[in-house]
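Next, two complexes with subunit A in common: one pairs it with subunit B, the other with subunit C.
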Partner chain A sequence: MADETDREETVVAEFHKKIKGAFEVFDHESNNTVDVREIGTIIRSLGCCPSEGELHDLIAEIEEEEPTGYIRFEKFLPVMTEILLERRYRPIPEDVLLRAFEVLDTANRGFLTKDELIKYMTEEGEPFSQEEMEEMLSAAIDPESNSINYKDYISMMVIDEN
Partner chain B sequence: MGCNTSSTRIKNSQISLRAVLIIQNWYRGYRARLKARRHFALTIFHSLEYADEQDQIQLCNFFSFMLENYTHIRKEEIGLNQLADSKLDMRDKQDYVDLDVPDSYQGPRLQFPLTCADIDLLLEAFKGKQILHAHYVLEVLFETMKLLKQMPNFTQVQTSPSKEITVCGDLHGNLDDLFLIFYKNGLPSGSNPYVFNGDFVDRGRNSIEVLMILCVSFLVYPNDLHLNRGNHEDYMMNLRYGFTKEILHKYKIHGKKILQTLEEFYTWLPIGTIIDNEILVVHGGISETTDLNLLHRVERNKMKSVLMPPREINKDHSSDSKHGNVGVTIGAHGRIKASGCPSEHLPKHEWEQVIDILWSDPRGKKGCFPNTGRGGGCYFGPDITSKILNKFQLKMIIRSHECKPEGYEICHGGKVVTIFSASNYYEEDSNRGAYVKLCSGKNPLFFQYQVTDATCFHTLHQRVSTVENSAIKILRERMISRKTDLICAFQHQDRRKSGKLPVSQWAFCMESILGLNLPWRSLSSNLVIIDQNGNVEYMSSFQNIQIEKPIQEANSALVETLYRYRSDLEIIFNAIDTDHSGLISMEEFRTMWKLFRSHYNVHIDDSQVNKIANIMDLNRDGSIDFTEFLKAFYVVHKYETTMKPEDTNLDT
Partner chain C sequence: MEDIYLGDSNLFPEVWHSEMTVSVTGEPPSTVEEEGLPKETGVEIIPEILEILQPLSLPDVLRVSAVLEDAIDQLSILKYIMLIQYEGRQSISMKSGEMNLEGKNLHKLPMASTITKIPHPLIPKEEPDLPEIGQRGQFPVEFNKMQDLIFKNPTRQTIMTAETLKKIQLDRQFFSDVIADTIKELEDSGTFNNLLQALSKERGKKTHFCDVIAREEKGRKQIISLQKQLINVKKEQQFEVQSQNEYIANLKDQLQEMKAKTNLENRYMKINTELQIAQTQKKCNRTEELLLEEIEKLRMKTEEETRVHMEIEMFLRKEQQKLEEKLEFWMEKYDKDTEMKQNELNALKVAKASDLAHLQDLAKTIREYEQIITEDRIEKEKSRKKVEQDLLELKSVIKIQAWWRGTMIRKEIGGFRMPKDKVDSKDSKGKGKGKGRKRGKK
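Now for the complex of A and B:
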């Protein structure tokens, strides 16, 4: 029993250090706060993938009563630790991602046209901003065919991340 | 049938909605992780840069130590004493007039008194990669100095709706950035005034060209082109950060003369600019003791270098406490304390005031603390800003000194603006540059830019990778230079001699030995191999990378030490080598090494050093070509072409 608590404590201590490390990188003024707009990046850099809606709710949880535009570390740490412990917001597995593209590719061509991709990403779900759309297009679209071969694209992304 | 189709349609659209959400979610995660990696890379660059600057203080200590003790070992005065007293005789105009410009010279020829035609001429010539003849370099520096001497410590400037002023930050020898600024914002003129807020030189490849353009523009428009001194307008900093090297390389015959002129030139640069009586523009920042009234009065030309604080010239070496400590000590909080004030130096409290202006950084934490990152100046909080601004009836401080990803940053509730004009400072795509346009009654307007070649067509991933790889490479070289100490620390923790450590213990060793506060856990996968259980194979960092040993007999500890301190050794060497010949005598080398060793507490025995000294004196004429020797110490990356020292900015 004691062993297990010890191990759990070490795990928590390790999570704390990891979270602190990621937080500090964005703490430009070294005063234990980060701009609220960076919270999404920090959470995702720790391996979690909340949706925009989930992110919104998280921020509401860790913001001050009167929002200052900044998030304090003392509020961020316990919430983030719990997320890591509960393994919430797990990243999307490769095969699920592939399936998602296939669903949108109703004609089963193996690719989506640039216009189709733009339409889906900017008009549905949690729409992309122009910047996000441009960035995705720059890497995804084959300029000759003006389309995205999503299978190749996913493979390339996976290599990028590793 | 109708119902069926519509419910299928709804179901289909729900499925496709889920698919879209999945893709968006996944892409946002990917993008965020790239952004985080880029931030980590920048943090590495920042930490290494400031750690280097902190080393400067060590060097400062060392110089004083050497000055005190050197005369024990050698009877006659050496160049170092000359450096310390550094009272340059007034150079006569005749000095460079004698320097003939040969007919064969193809570069730009300036016509004094200068006009805007000369500015254009210089810009075109530098775009064509030409080098300005030493005659003109010296003439420009002398003429500029003549004018600067008549100027007060703070230039007062007024704006109007038809005459906005543009403030630019650090350029650090980036000629392309200066071209881009002039292209976007126009050349300096009577209706287009500029302030350049220090750090024109060092690190970049075109420091002299940047300086020449700024000086020539100043000579043509002395009331509309304002130059503030930065912490790199300092001949000691130039020794380490590349400008000295650039001059000696481009001006093989007259480089020394140019360097000597620069030493005095820097001291005449104004300390700051005040715009519309309400905006203070200085290079670094302020401290809680900043006294503008005092700073208006100091004899700024007595501020030679941050590494030469005021000291008493004590002929006898008795540590007589009545006269105070000779030289310099590090006080309790790491601030430089100095004593004594000979007539050619600033009194201590004035010297500190100037250091604060040139070296301080704003931070979010309230109060004023010694700037332990850089080793000079302080960290000042928003309360300090308010206090000083109120005291002197000012509204805002514009400063530079720190690289910002977006080229500028606003803090302290809008009262402090950092403006940094060297884009891609650490690496391709590490950051944007910016400038700010001011006009009384209007809000400041910021303009950003980034010098890119083909990189604008690179994907986000490619750009992040470039910055990240560069940062990791430099970090790994740091690790190599402390290999022996690191392995010692790892093995100490690794009781079972398994070759593996938990990540936390590895991180602890890395931080304590390297002295860098970095997110080691997040960086670990880039630096070392991690097994399935999450344990670090600590020796794996040292594979595929080694320091090339120029001499077989040298043991690894010596090699690492020489590699680690190569920048410092180079500075000391350059200080001894007053005629900039690249050679010092064997005796000077041995003495230098002995002092260095005792001061830095390095455990290398004399026989090793003697062996190296003898080997370096290849032609047996009693002198050592130190630059050649240092060039031999570069790090070999197994799977890359060898990287020469000149290639890394931070290593210059």
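Now for the complex of A and C:
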């Protein structure tokens, strides 16, 4: 028990350190506050993959009662520590991603055309910005067939991650 | 005489045989007597004849012929004598003279026999009665017997002589002829072959005669045996007849019994039949009475039946009338009802047809509605699926988008760079990017 608590404590300390590091990157005025808009980036940089909706809920939780447009580190730290301890918003695993692509590939052809991908990514759900879309296309599209073989693409990206 | 006759008649069957012998034997004495003379002369000649059949010398011829002639003479004399003797016997039963003659005759016989006896060894072949010679031993006895017979039975002798004399005459004739021929021959050729021939012929005749006698004797014996056999057969026949008679008697008895039985049976049958007839008649009478009673009963019944029948018929007629009326009524009613029902039926048919049409319409509508419902359901299902799909797609898209945003930041794709790498570019890039994204999102 003592060892576990010790380890937990060390893990928490490590998380605190990580979080502080990531937070300080965006604390431009060094007053332990960051812009609300940077929170998503901070969380994502800490290895989480929340959706925009989840992110919005999270911000609503840690924001001040009177929105000031800034998030204080004191408020952010415990919430983020809890998230990391609970391992919430873990990156989506390969098989789940594959299934998601298969759902979009209604004809089960094993690939999606560029137009289909653009349509799904920019018109449905939480649409990509132009920049994000371009980045994705540049990484995924096979220039010869002008389509995306999502299986290969996922495996490639997941390997990269590991 | 009478006694003798009687004796003769008594003796007859037995003597018959001996008489025959007498008749046969009676002859030789005469012949012997007649021949006696020539034989006396021929005693010396015979050897010559036997030895050489040559013609005799003239003196011999003369001598012989003389003897022979003498013999012929004597024979002719004898012929006449015998004729007289015969006639004499015929006329008178017995003459003493004749008796004497006969006695003479007979007296000669011993002499002749003595004569013949003497030359016996020399004569045999010359003698015509040779077989007699064999009997010569018996001869005297027989002769004596004959003599006795002659004396005892003179009548018989006379009867016999009629035939005997005839024969003697014939013999004598024959002998005289032979002698005549011999004389002639002697005169002609000096031989006596003729005589020898006659001799042999006579001998042959004699043997033949003996054979006949023997055969006769045999026949006699045979007759006796056959008679015996006949007697036996007769006896057997008699015995058989007796047995047959017995059998017949037996059969007759049986027949009698059978007749008696048949009579009894007949009587019994008659009585029985009569009784049966009587019984049957009684039965018939009884049955008749019964039947008559029955007939009466049946008549009564018939009458009753007729009455009942009439009544029933009346009743039934009435009933029929009633029923006819009813039938009419019912027919009418039936017609009416039928018409009514037909109408009803027609109405119902029409109603049914309209109902059927209605039903068909309704069915059609139902089918339409069902189709609509199913279509609707399919559509709903489709839309539900679509929604699900959309939701799933949305989730998927969000997931991919979230993943991609995270990945972009972590891999520093795009404009964002981790702050640790470049502290100096923090402000400009980090903020710019973050703000841009935020704006895009909101």
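One rule holds for everything that comes next: the second predicted complex is superposed on the first by the 155 of 162 C-alpha atoms of A that agree within 3 Å, B and C clash if a C-alpha of one lies under 4 Å from a C-alpha of the other, contacts with A are read in each partner's own complex, and residues count from 1 in each chain.
The criterion applied here is as follows: a contact is a pair of C-beta atoms (placed from the backbone, for glycine too) under 8 Å apart; a residue touches a chain by one contact, two chains touch by 3 or more.
Bear in mind the structure is a predicted one, so any value in this text is a computation, not a measurement.
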Aligned on subunit A, subunit B and subunit C: do they clash or fit? clash
Looking at A:M121, would you say it contacts subunit B, subunit C, both, or neither? Reply first, second, both or neither. both
Given the touch rule stated above, what does A:L77 touch, subunit B (first), subunit C (second), both, or neither? neither
Taking the superposition on A as described, I'd like to know which of subunit B and subunit C A:F26 touches: first, second, both or neither. both
Just subunit B (first), just subunit C (second), both, or neither: which does A:D35 touch? second
Once the structures are superposed on A, label A:I59 by its partner contacts, choosing first (subunit B), second (subunit C), both or neither. neither
Contacts for A:E14 in the overlay, against subunit B (first) and subunit C (second): which applies, first, second, both or neither? first
Touching A:S129 in the superposition: subunit B (first), subunit C (second), both, neither? second
The shared contact residues of subunit A with subunit B and subunit C are 21-22, 24-26, 28, 40-41, 44-45, 48-52, 91-92, 96-97, 99-101, 103-104, 120-121, 124-128, 132, 135-136, 139, 157, 160-161
Give every residue of subunit C touching subunit A within the complex, in rising order. 389, 392-411, 413-416, 418-420, 426-427, 430-431, 433-438, 440-441
Touching subunit B in the complex, subunit A uses residues 13-14, 17-18, 21-22, 24-26, 28-31, 33, 40-45, 48-52, 91-92, 96-97, 99-101, 103-104, 120-121, 124-128, 132, 135-136, 138-139, 157, 160-161
Quick one: in the complex, what on subunit B touches subunit A? 15-33, 35-37, 39-40, 43, 363-365, 409, 411, 459-461, 503-504, 507, 517-522
Listed in rising order, the residues of subunit A that touch subunit C in the complex are 21-22, 24-26, 28, 35, 37-38, 40-41, 44-45, 47-53, 91-92, 96-97, 99-101, 103-104, 106, 120-121, 124-132, 135-136, 139, 157, 160-161
